[in-house]
């Protein structure tokens, strides 16, 4: 009995001291995982995931506090990438956070706009230019299509227009296959 | 000399930890989705398991047996292993940040690998001497790594296969593991040949 | 869980933290080791008794209790490692006597060449050099294939395979015929699992031969002494 | 002569039925000018040319109607004289069936040229010559329509070893180069001489597949004449084994010189450059005759009664060409190019463009629908056929499952889309379609990723600004309660003045660079709705930008903490 | 309407598989000649089971049944199963093996073209592990009594002893392993010299049949030279070297190549395009690996013929072999396939 | 659902250690070649899980974060050893059957996973319940696995029960002539059967989802038709 306690006590002292020392000395600062997750998120900054932007959502995923299927703009594609990165199982997009929509940009009806600047304040990427009491304009290539500027507009002059197909951005379609359904789509 | 070779080869192929001894399955299933991570996990496990075998041999031979404390074996082994993992992390972080970047994330996962306790215990029951213990630990870990890497290779290909819906993911991975262990049964008897 | 501690880390010195964790670790270890050690001490006699009972039960399987009248546990000798018997540990040989006359030797042996390695045996050899009975005490043979060597698993309940060795000696089955039929001997094997049967048969043959060779010396040695191979 | 040339082999390739005889029976004919020409502005690789004419204007034949947008672009010209009816979106000769900006010209029948002047390239600097060719709209006529002036640059060594003229014409049905070589060999070589001088090439190798003996003979005679005139042996006609795709630039270069030009590398760095024979012809016309590129030889073949080569003006509807050749009644499609690589046209009204080497009329009988696609059995036939030494089935395996990263690991972008793999596949898998799909998805993703990066930078910047503003407000408030307005200003100045340390500076520089990049990107993609602003609006925008710049300055000290 | 290319070479999976079946015929003919018609019964049993299982699985997985049934791949699997199982195995053994091959090894992975393991070899390995006895009762040479064989397959197996014998491979192993018999190679292999009796009487002729079929496959360019050559050469060299070293303990290359499933494996089994390596270097490594493992398992292992396990073991390594033996892509030759 | 009910449902189905979390595979596969062994190990595991969850939940306030893992392991290992010794002393017959499995429980990652993920953060009652139901989740899976493997492997159920209850004996379910299917009893069989079980769970889950979706759309339709009125 005494030997047992002595032997174990000796071990415990050594280990405890070493571990305590290690824990303090080598605590890992920062989290590269967040950066990796953030790199996958589409940066629409729309908040549909339930977090105020993509970075906070990335932090939540890294901490294990959020599921990976809450970002509608990222779509199934994004979820697959997150699942790969984190080694989790794929889950289809959570319906309560919205649905995948074709990419679109905001357009301000210049006739109606009263120049209230409310949309400028709402836009997370500063894609709207204009000043108080002047007509505002959306800089289309900067607009992420987050729709955050729609609700604040007092005269409802902002609408979303889908960015159509042109010869430049046209994509070859998935070959029409009768036998092998698209792997990822059917899950 | 050849007997040492047999210890290693036997542990790698004939009595493969995963397929024959059925140890270390959780990381085997969990960390084999990508080849890259499988290699990292394998390397980290190899290091830790070899260390663990050496350390547990010393503890068993010099502390437990002389004091007739064999009943503390499980306890002292596993606590030692947990500490080795954390200390390893400390050491490589200090000495080789590069290695730490590669292996760091796998180290905490290793302690969830029951092979890390199982192999040192097997060492005791197989009455290995110190060198044999080390080699057995090393061989088993190499066997684990081999299994993990081969499995990851297949899983990367399987990911694109037209597997029936309900079997996608873990289910087909299990069946694949079954077929792999079937294949490893082909090695049966090799360790008895003299 | 991590937040509250992080704050403390910033301020306290590394040394203090180390000492503190070491102390807590020590406390836990002391408590739980004490608990274990206590349990161990408390159960030690019971465990020893159980182990003894188990031994007796096994002996009982190969040697009917009615056949002897001495205290087997007291009348035993130490058998150092015997390679020939497949034993790599010290074991004991129990000597059964009736009215002081030697009746039987009970000892362990092992076949190392089973399909899945070691098969442990216990057997009783009577004073005339006959194998009274043989039992498998531990094995790892394939369930459903090689495990018929254990009568509990043998599908033939009326005449389990292992009982065919009972009461045989080299007088009835010559040493050369003490093999499975497949190897030209006298004992049956289950087709498809010859290896297990061959291992047990050959090991029992070796054990019997060894017992026959040394039986006089074995009976003669004083209790609790060590058996030493006499060098010819 | 060709016997002297040591030939190399390229891996893979296939031998489909050639079907070339039908269209070589008759000489080149000039296709009649149609009633309406639809000339797309974007006809070559590179930037989209700006329209230089408006509806209602009159244009002359050869007049520039689309100006090159930057150097990596090529001009477009009116194919005949007439009135510009419209500058509008019209259906493009492109599989997508989408429209793009076209200049629609109603010919006046007078075919009145602009003033044509030969260009003395020997007097001009190389850059001037290249600019001239760019404005003459000369692009590769071998199919890829890459601006020729960009390729006529000898690269870092200032001279080349070999200029390869590509007369292989390996695609079935197509014979436009064949007849051009038969009928106008001398002119082609005159063009080649100009190119050779511009590139300072030691020798000119003219590769022709050995199933075109007439063309080889004609070119051989012309080459000898040219060599005699020059007094050297620089021009050599080499007959190469007939095997598709021997005409692929990389394959032909490999066969003639043994050099393999890797994907993404300039062939001039390896001492060779390759041009189509038609391109050489066009160069001659542009330089020696002052005629911009307004027409080309087009093979009309396939499901027609009389296949033939026509010299057609750009903008001629394909329908008009097809009509000249007695199309058979069961024709059901028009393909631009050959059966291996050609593009399915959305209709037969699309115009002939610089890339149109062939108008192939198809039918169910001629090109039956492929049998149902089976799974890949990894038989390796495709790998045996692939001239790029790829593993097509691996690229397919991952493209099909949309695991694009893996597909790229198998060098998806080295695939030249020659179609050999799909041609031989026993499982009838439309392999090339999978590669096209995967490639365009990957490109789209790059674009998305760039957009996301910009959005991230802007968002983080905005957060910073908001934080800054909050502090500013707080400071103001504090200052107000504490003392007068002057002091508040001082407080702001205090807060804005960072304790700059050396390591901060590098960080700052990095961030500034990032912001700079974002700005540059923004300018590059200058949108219409910004460029069309009224002066007042522009002033507003400038003001806002100025404010932003200010805030950016103020935010700098905080970047460190946040990181 | 489809995109380019607009016309295709006339080739199909079906014609590939049919030619593989044709190539098996010479071997089957020799089999019937020496061991009786039982093998034909097994082929029918396996074929019917395979087609039925395939149809059911296709139905369950919602795939076009007729299209896939007619591709012939299930038949190839079935025939190979029949040819590797003992021809007098009880009917249910063949049926069970085929069922597991088609359902587990093939369709759970997505069917044709997707299976990482060779289905026929999965069947063999599963069955030899589960029923080692039944899987090692082979008919006696020249015992071509069909009624008796029929009885063995469908009826009682009491009569078996009269008609079975150990295969040469089995005989060699058992006898060589028993230290007390002190047997030598020379004494074990039969006596009636035919072909030189290199692989056991009868067996060498079947192997020759497979060899001829294999040449046909090569001529038809269905398989490439890499796999058969690497397989046979490796087996030859390894067994040859050991036989030279200790001729009494190790059988020579003639025996190894012409006995058991070696020839069948060389041309029909290692060459399975789906589960084997695909790059030229990969094919060499794969087939050489199978040969080496086969020899090791035959010589030192617990199972009579190691081919099935060897194939499965190399199947496991196939993705990695393929990955690391990519031929250099056009223009990337000096860098061994790495893009600059 | 009440908190306790949810804990129970999680343990038994939704977060099932084996089918959902894929943890604790080694003892599961190694010891499930027949029903009796499987259930025995399962029961022993329940006991350990309950006790360790209880102990750690009770002591959690005292355990510093950085050495929590070694301390957890210490506690679990100590508990397992105590249980092992107790079995040996007081339930010797049972020990002979279970004996070799009990030390295996230490290496079962489920125990540590639950301790870390649940017991260290929850109250006594919830933690003990969690240990119980997680254990039950483990038991039913291992029992099912054991039953299937034993039945397919040798056509019996409960063979070997006489070692625990000498008066009982196993059942021959399939006819005695059934040749058995050895694979089922060997490691490959363990993987196969578990793979099938997981696929079965996927199927059930998919079906339940389908049902729920149907119900919801049904609901919505009803809603929509009644709304305009």
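Per-chain numbering from 1; labels A, B, C, D, E and F assigned in written order.
Note that in this section a contact is a pair of C-beta atoms (placed from the backbone, for glycine too) under 8 Å apart; a residue touches a chain by one contact, two chains touch by 3 or more.
The structure presented is a predicted model; accordingly, all values stated were derived computationally and were not measured.
*Asks:* By label order, what chains touch chain D and chain F together?
*Replies:* Common contact partners of chain D and chain F, which must touch each of the two, are A, B, E.
*Asks:* Farthest chain from chain B, going by the mean of C-alpha atoms per chain?
*Replies:* The chain lying farthest from chain B is D.
*Asks:* Among the chains, which is located farthest from chain C on the basis of C-alpha centroids?
*Replies:* Relative to chain C, the chain with the farthest C-alpha centre is D.
*Asks:* Could you please state the distance in Å, as a whole number, between where the Cα atoms of chain B are centred and where those of chain F are centred?
*Replies:* 24
*Asks:* Could you work out how far the Cα centre of chain A sits from that of chain C, in whole Å?
*Replies:* 64
*Asks:* Calculate how many whole Å lie between the centre of chain A and the centre of chain D, each centre taken as the average of the chain's C-alpha atoms.
*Replies:* About 35 Å, centre to centre.
*Asks:* Roughly how far is chain D from chain E, going centre to centre by Cα mean, in whole Å?
*Replies:* Taking the average C-alpha coordinate of chain D and of chain E, the gap between them is 52 Å.
*Asks:* Going through chain F residue by residue, note those that touch at least 2 other chains and give them in order.
*Replies:* Only 64-67, 70, 74, 78, 81, 85, 180, 182-183, 186, 188, 192 qualify.
*Asks:* Residues of chain D that contact two or more other chains, please.
*Replies:* 372, 374-375, 400-401, 430, 433, 436
*Asks:* Could you list the positions in chain E whose residues touch two or more of the other chains?
*Replies:* Each of 64, 67, 104, 110-111, 114, 126, 129 in chain E touches at least two other chains.
*Asks:* Flag every residue of chain F that touches chain A in the complex, lowest number first.
*Replies:* Of all residues in chain F, those touching chain A are 64-67, 70.
*Asks:* For chain D, which residues are in contact with chain E within the complex?
*Replies:* For this pair, the touching residues of chain D are 10-11, 14, 16-17, 95, 250, 260-265, 332-333, 335, 337, 339-344, 362, 366-372, 374-381, 383, 387-391, 393-394, 410-411, 414, 419, 422-428, 430, 432-433, 436.
*Asks:* For the complex, give me every residue of chain C touching chain A.
*Replies:* The contact residues of chain C facing chain A are 6, 9, 14, 17-26, 28-30, 33-34, 36-38, 40-41.
*Asks:* Quick one: which bits of chain C touch chain B in the complex? Just the residue numbers, please.
*Replies:* 33, 36, 40, 88, 113
*Asks:* Residues of chain E touching chain D in their complex?
*Replies:* Residue positions touching the partner: 1-9, 11-13, 15-16, 64, 67-68, 71, 73, 110-114, 222, 224, 273-274, 278-279, 322, 326-333, 339-340.
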